[in-house]
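So that we are looking at the same thing, I have put the structure below in structure tokens.
Lettered A, B, C, D and E in written order, each chain numbered from 1.
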Amino acid sequence: MYRACGDFSESYRNDMRLIRTRWQWAALILLAVGLLLYPQVAGGAWTRFATVTGITIVAVIGLQILVGLSGQVSVGQSAFMGVGGYFAAIAAARLGVPFPLPILAGAVGATLFGMLFGLPAARIKGFYLALTTLAAQFIFEFSIVRLPAGWFGASAGIAMPTPVIFGTPINTPEGFYYMVLPFVVAACFAGVFILRSRLGRAFVAVRDNDLAAEVTGINVTYYKVVSFGIASFFAGTAGALLAYENRFVHFEQFTLFESIWFLGMLIVGGMGSILGAVLGAIALRLVQELLMIGGPVLVGYLPGARYDIAFPLVNVVLGTTIILFLIYQPRGLAHIYRKGERFFRLWPFPH
Amino acid sequence: MHDVVAFADRPGAGSAAELLSVANIEVRYQGTILVLKNVSLHVAPGEIVALLGSNGAGKSTTLKAISSLIQSEEGRVTEGAIRFDGMNIENDDPVRTVRRGVVQVMEGRRALEHMSVEQNLLVASAATRMNKAAIRRSIEEVYALFPVLAEFRNRQSGYLSGGQQQMMVIGRALMTRPKLLLLDEPSLGLSPLLVSTIFEAIARINREIGTAILVVEQNARVALKHAHRGYVLENGRIVMEGTRAELLNNEDLKEFYLGIGASGSAKTYRDIKHYRRRRRWLG
Amino acid sequence: MTLEIVLRVLYTGVTTGAIYAAVAVGFNVIYRSGRVFNIAQGEMVMIATFMMVALMGAGFSPWTALVLSGIGMALVGLAVERLVLRRLVGQPEMALFMATLGVLLVMNGLGHILIGAEPQIFPELFGRDRWRIAGVNVRESVLVGTALIVALIAGLAWFFNATRTGLLMTAVAESHQTARSLGVNVRASIAVSWAVSGVISTVAAAVFMGGRMVSGDVASIAFVALPVVLLAGLETIGGVLIGGIIVGVGQAAAARWLDPLTEGGASLIFPFALMLVLLMIRPQGLFGWKHVERI
Amino acid sequence: AQETYRIVSLLDYSGPFANRGTPVEQMQRLLVDWYNETRGAERGIVLEFEPVDTGYDQAKTVQAYERAVQDPSLIGIVTFGSPNVIAIQNRLPENRIPAVHGGPAYSLMEPGSWVFTPLNDYARYYAAAVDWKLASWEGADPLKVAFVTFDGSSGRDWAAVFQTLIADKNAELVLSEFISPRALDVAVNAERIMDEDPDMVILATTDQLQPLILGELHASGFDMTRVVNSQHEGLALLAMLGVAPEVYEGTYEVTSENYVDQTTEAYQIYDARKDRYQSRWSADTLLHFPSIVVLLDAIDRAAEKAGGARIDGAAVYAELANGTFDGRGLLQEIKFQNDVDPTLGVRSVVMLQQRDGKIETVSDFLPLAE
Amino acid sequence: MNMSRQTDELLGAQVRTAPAPVLEVRNLELSFGALRALDDISAEVLPGEILAIVGPNGAGKSSFLNSVNGFYRPSRGTVRFMGQDITGRRASEIARLGIARTFQNIQLYLGMSVLDNLLSGRHIHSSGGVLQALLRPWGMRDEIRQRAAVEEIMDFLELQPHRHTPVGTFGYGIRKRVDLGRALAMEPKLLLLDEPMAGMTMDEKEDMVRFILELRAQRGMPILLVEHDMQVISEIADRVVVLDWGRHVATGAPAEVLRRPEVVRAYLGGE
């Protein structure tokens, strides 16, 4: 988007390249090293925080493709995640399928479920569609509980076995971190690739003007369903990872509130950009974590204040953050980041 | 190029009190995009003035600047003044502008599509603070002007044909009892028969009610048939102004807006293959 | 015997349907004016509940509390409009929707802070009598509440369709720019709709909460009422009453005859299923506006 | 020397049970403070009490837990709801930290668990109530029982276990009714109950539903002495939930908590300090009374054994696994058997009844099924 | 399709005298509720022909185009395109078969640049779903090919100076041109243009006419044109179909048809 002057692209190929400058390479390598060393310095709780944030990133990138790219707002992402978790649990706990195949099972199971909820998109549009995804949440809970306990464990949930990778059981925060990291990286790349592909352009076309899309040969219904599928594939992967990390799947883990949070992450991060999904997920999880730690401390300083004030504050702060971003920075953190990056890259000669 | 034109065509217009005067305005969108530069124009009471210009010249922006409707697109008059009836109205509240007697019919026939024709008319009476009987009378006047509307008064307006909608939105604007009617491309997408019907109605409004009209129109032939004077806007500047007669005799205007070739005969599209764009007034 | 059961299902269906309608009409009043789908409507009901509880706790009579919190909620509605949505004018509808998600979170947090720890029961404001009529257990508070809601919605429908101000607000619903060009004060119109919606949520709360435990969970009534909103259509006012009754009666019937088969829960899913099926047939809902698409 | 240890309480300040968070926390604080002031002071032990919100959510619980175990002085955890147990039961043995659960036991608790549950599985309570009723049952037909609960994981868990427990009794389960926690109206559920004309109705719902269903049954002229309330929505709580006393006059409660008896040490501790805390002596807070007291007792015994040396979670675990407890008189004797069945806490319950606006004990202690 | 092409070749001689129509519409009928928007309309577009449809507002011209390209589903009648029955198929499918169109109220991606708008027209000429997207580094060559095709069209329509500008900032004239450009990017075998010159000044119309005539001259592209400007129609259309109230009024050469009294009365008015 923003390129420094003098950095002309010689050909279409260059014009389309993802990473253009040496600095970008350097930054990328630095980031990779940082990610690898992180658990060594962070300690258990912060490592687990990173793991969960990573899992969130996977789910939010999926939602970004659905909402930011294809323009179909969904409040069902958390339910799709749940389906992924359950399918993974069935594969791992009931059928004894070894890691990482249950994750694929989760992703595929969620994809099918998600596409089912994409089908009404053929006729239903806008808010009407967004709110029909609400039904996904209710149907998910309803079905899990009512299907025979032998299927999804009914109300008891399913315990996940410890994943074993190359003969090593994964049961420490560090282990889970390294287990999840490749998936997060893969999700980021997949997101960027989809964004810049023919598929991504078709999604954007559907979002911006479905009539025009249809008339240029884009089967709008098909692409809407596919984008639901992709979003749920990401959600399913995330759900499966979360099942391993939590060592348990239970339908109460996957709430409507979580879906709302995911949407908040998109807003804070920035719509339509993968970087935005990543930054939004990190930012909101961080706010949540810091408030959980800091809230009680804060309350300690306020005479007469009770603990039950500290915790609901998380929602107050979050809601306020979302609103402030919408008003003052509707393009989200990704936009701020890019502006900053541009500034530093051109420094000390900003033109 | 900014000739001072005497209103030869219009008896009594002279330098008498002007209804609207736009003086050297500059308009920007979002604080940065400069669209109008130093635009001045005026409309006398009872006058029909045409505003011509190619696409993107800033015609709609001019009208919206007068009616203050640019505000909802983050536009502002950043220089100059707009006076109507002796008051400054630039960057005013659009609702107040309507109350003062300036109403705009926006391009593209904005029917309130889920409301009936009559409800559309009723909505427009809001600004006037008329009593029931007066509203009724106004509605009947509109029906008299456009008898089709009376026939379809209870029809959902979204399902009217384009021509009927155009009549409705003009009639609707009249419900606000304007002194100045701003029309944006009333002939857009209408069939030839309807174009003349609409313009005849515009002329009647002007004649019978005495409403002054500033009309933006691409179809220069029709516009100049009814207008007393006209302006040409290019790239956000007024590049020409004059009476009907003056404009109709201008070579550039003939070539670019009326389709009359240098030879004086009507140009045909068949022989434009090697045509090169050129605009003398930009040169 | 069977007639009795049918009567009971109808009674339950109509009275719960009326509550759904009361919540749903709060959504629609706002949507019509500002094209804002206010997902925080349930939280408005919750705040209204606490306002009334607090006022009654402070010694006001129930009816005074109702009126005062009606005024209070109108102010809350105005505040949300003023502080959040007015600053987002011109943004796409989805951005406005997201903003109300933010409002939802804020109100949800504040609600939990306000709740306090004591479990409290919300009084039955509209009478405490219970009668048995034709084999149906009828509660006075429910009957009066239902009547109140019906009157409220009928009044709103009349207001929007027959009065001049209502007509102007409908014009605003169609297009802000067009309404503005005709001299309609769009801002005022939107602000009024938020205030009205605040009042509606107070009435909804008063009726819905009668005899119930007060908790932060009250807000979830909005999600239960959502199928009614979509089924009836986002722009309708009077239509929500019909939508509410359809959903309410359907749900009561599902509770009577389907729940035993599914061990409960069927009645919870039923409104969503009905909504999905109906929207597949009529994507704009029963009474929603269908955009005339001229391509 | 003074040794400082930390106890973390995982509880709900948000989510569906948010309204219980503060009173429970206050009761727990009261008890921790009581310990610090009395025996803690004698032994030179200071216990820090830290409540954390988990919002009835597993993911939040895990994160709160991981934060908690960062602190090396952590020696025990008390938990609040089933999501807490689900989330941490696999992790505790690795970190060698024991937890004591405040709510009832669930079938999802796994053998070998480091989560100890002073209460037993509610389903066994209900089965014991059936036994008590059967003892005086003179009807020719089996006792007709209707089981009414809420449509949630705990409700379903109770229903399933309850069904198996009464299978070989002279009782017939004529109805299992699951009511949605979001139900606006419970008339139809009440109708179904009455249609079955049960001799006994076990009501195990939620704070929101219980008042509604009691009201509906009462209004329909149902014989309220056939109704047995669960300990969760105990008689003492019903008044607070705003149910008019005449509505539930005559109904019973089956409970393992001897809370009517004001001579127990448990009540004395509470009574002496209640003014300084925003708590109450009622079903919701009493549910979480035994858990913290049992943990405190175990800590105290471990410290006594260590004789002034520092103790750790494993030492507390050993006390929990091997000792006997009674929640300072609030419960009967508890001997945990987590290796066999972690749902076995207290072994007996008692029947209470609402009579003339007062709660009375109407039975001896009844043994629970194994 | 292959079949018909073969027969065309076999019947070569005949084809030259009476070429098989590119588009053949028979007895089309379309209703909106009680309103009959199209009533038994038949028409055909011959190879390389510009066929104009004229008629008063609401006559059903756009509805006719919409029925051809699949936005509306006719209740009766058939639409055959290059010998294939395409009645009632999905619009996207018909687009793939080679029918492109523009809209009377321009439908563009307002937030995208001119370049991206035109690229979106290349959708049917590229391939690739989820998997190709993930294997992106190997899909670059295709991207480059699409870009090349689009650059050519931008040259033709003189859009080069605007290539990176978002379309939303343009006025009507350029938007209409971008709309046409996107249709051309599809390399259609038949082009449907709905009022391509509405709202243009004389001299912008000239540009548009020039593009249309060049398209026909260079590529022999058959065009179905809806337009209200009679001067344009009479000068560039080969044949004209006149509709009124959903009914067929006349078909024939413009010079002849536009003089008929019933056409003048209903449509043109006495100027």
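Worth a mention:
One rule holds for everything that comes next: a residue touches a chain if its C-beta (ideal position, glycine included) is under 8 Å from a C-beta of that chain, and two chains touch if they have at least 3 such contacts.
The structure displayed is predicted, hence computed values, not measured ones.
Within the contact network of the assembly, the step distance from chain A to chain C comes to 1. Shared contact partners of chain C and chain D, listed by label: A. Contact tally for B-C versus B-E: the pair with more C-beta pairs in contact is B-E. Distance from chain E peaks, on a Cα-centroid basis, for D. Seen from the C-alpha centroid of chain A, the farthest chain centroid is that of B.
With centres taken as mean Cα positions, chain B sits 51 Å from chain A.
Mean C-alpha position of chain D lies 74 Å from that of chain E. Per-chain CA centroids place chain B at a distance of 78 Å from chain D. Centre-to-centre spacing of chain A and chain E amounts to 42 Å, using the average Cα coordinate of each chain.
With touch defined as above, residues shared between interfaces to two or more other chains in chain E number as follows: 71, 103-105, 107.
Looking at chain D, one finds that residues 13-14, 18, 21-22, 151, 156, 278 touch two or more other chains. The residues of chain A that reach two or more other chains are 145, 211, 308, 311-312, 314-315, listed in rising order.
Going by the touch rule set out above, the chain pairs that meet are A-C, A-D, A-E, B-C, B-E, C-D, C-E. Within the complex, the chain C residues that touch chain B are 89-90, 164, 167-168, 170-171, 174-185, 235, 289, 291-292. Within the complex formed with chain C, the residues of chain A that make contact are 71, 73, 120, 123-128, 130-132, 134-135, 138-139, 142, 145-146, 211, 256, 260, 263-264, 267, 308-309, 311-323, 326-327, 330.
Considering their complex, residues 43-45, 48-49, 52, 145, 149, 154-157, 159, 171, 173, 242, 245-248, 250-253, 255, 289, 292-293, 296, 306-308, 310-312, 314-315 of chain A touch chain D. In the complex of the two chains, the chain B residues touching chain C come out as 67, 69, 72-74, 94-95, 98-99, 103-106, 110, 112-115, 119, 122-124, 126-128, 158-159, 172-173, 175-176.
The residues of chain A lying in touch with chain E in their complex are 11-13, 16, 190, 193-194, 196-202, 204-205, 208-209, 211-220, 226, 230.
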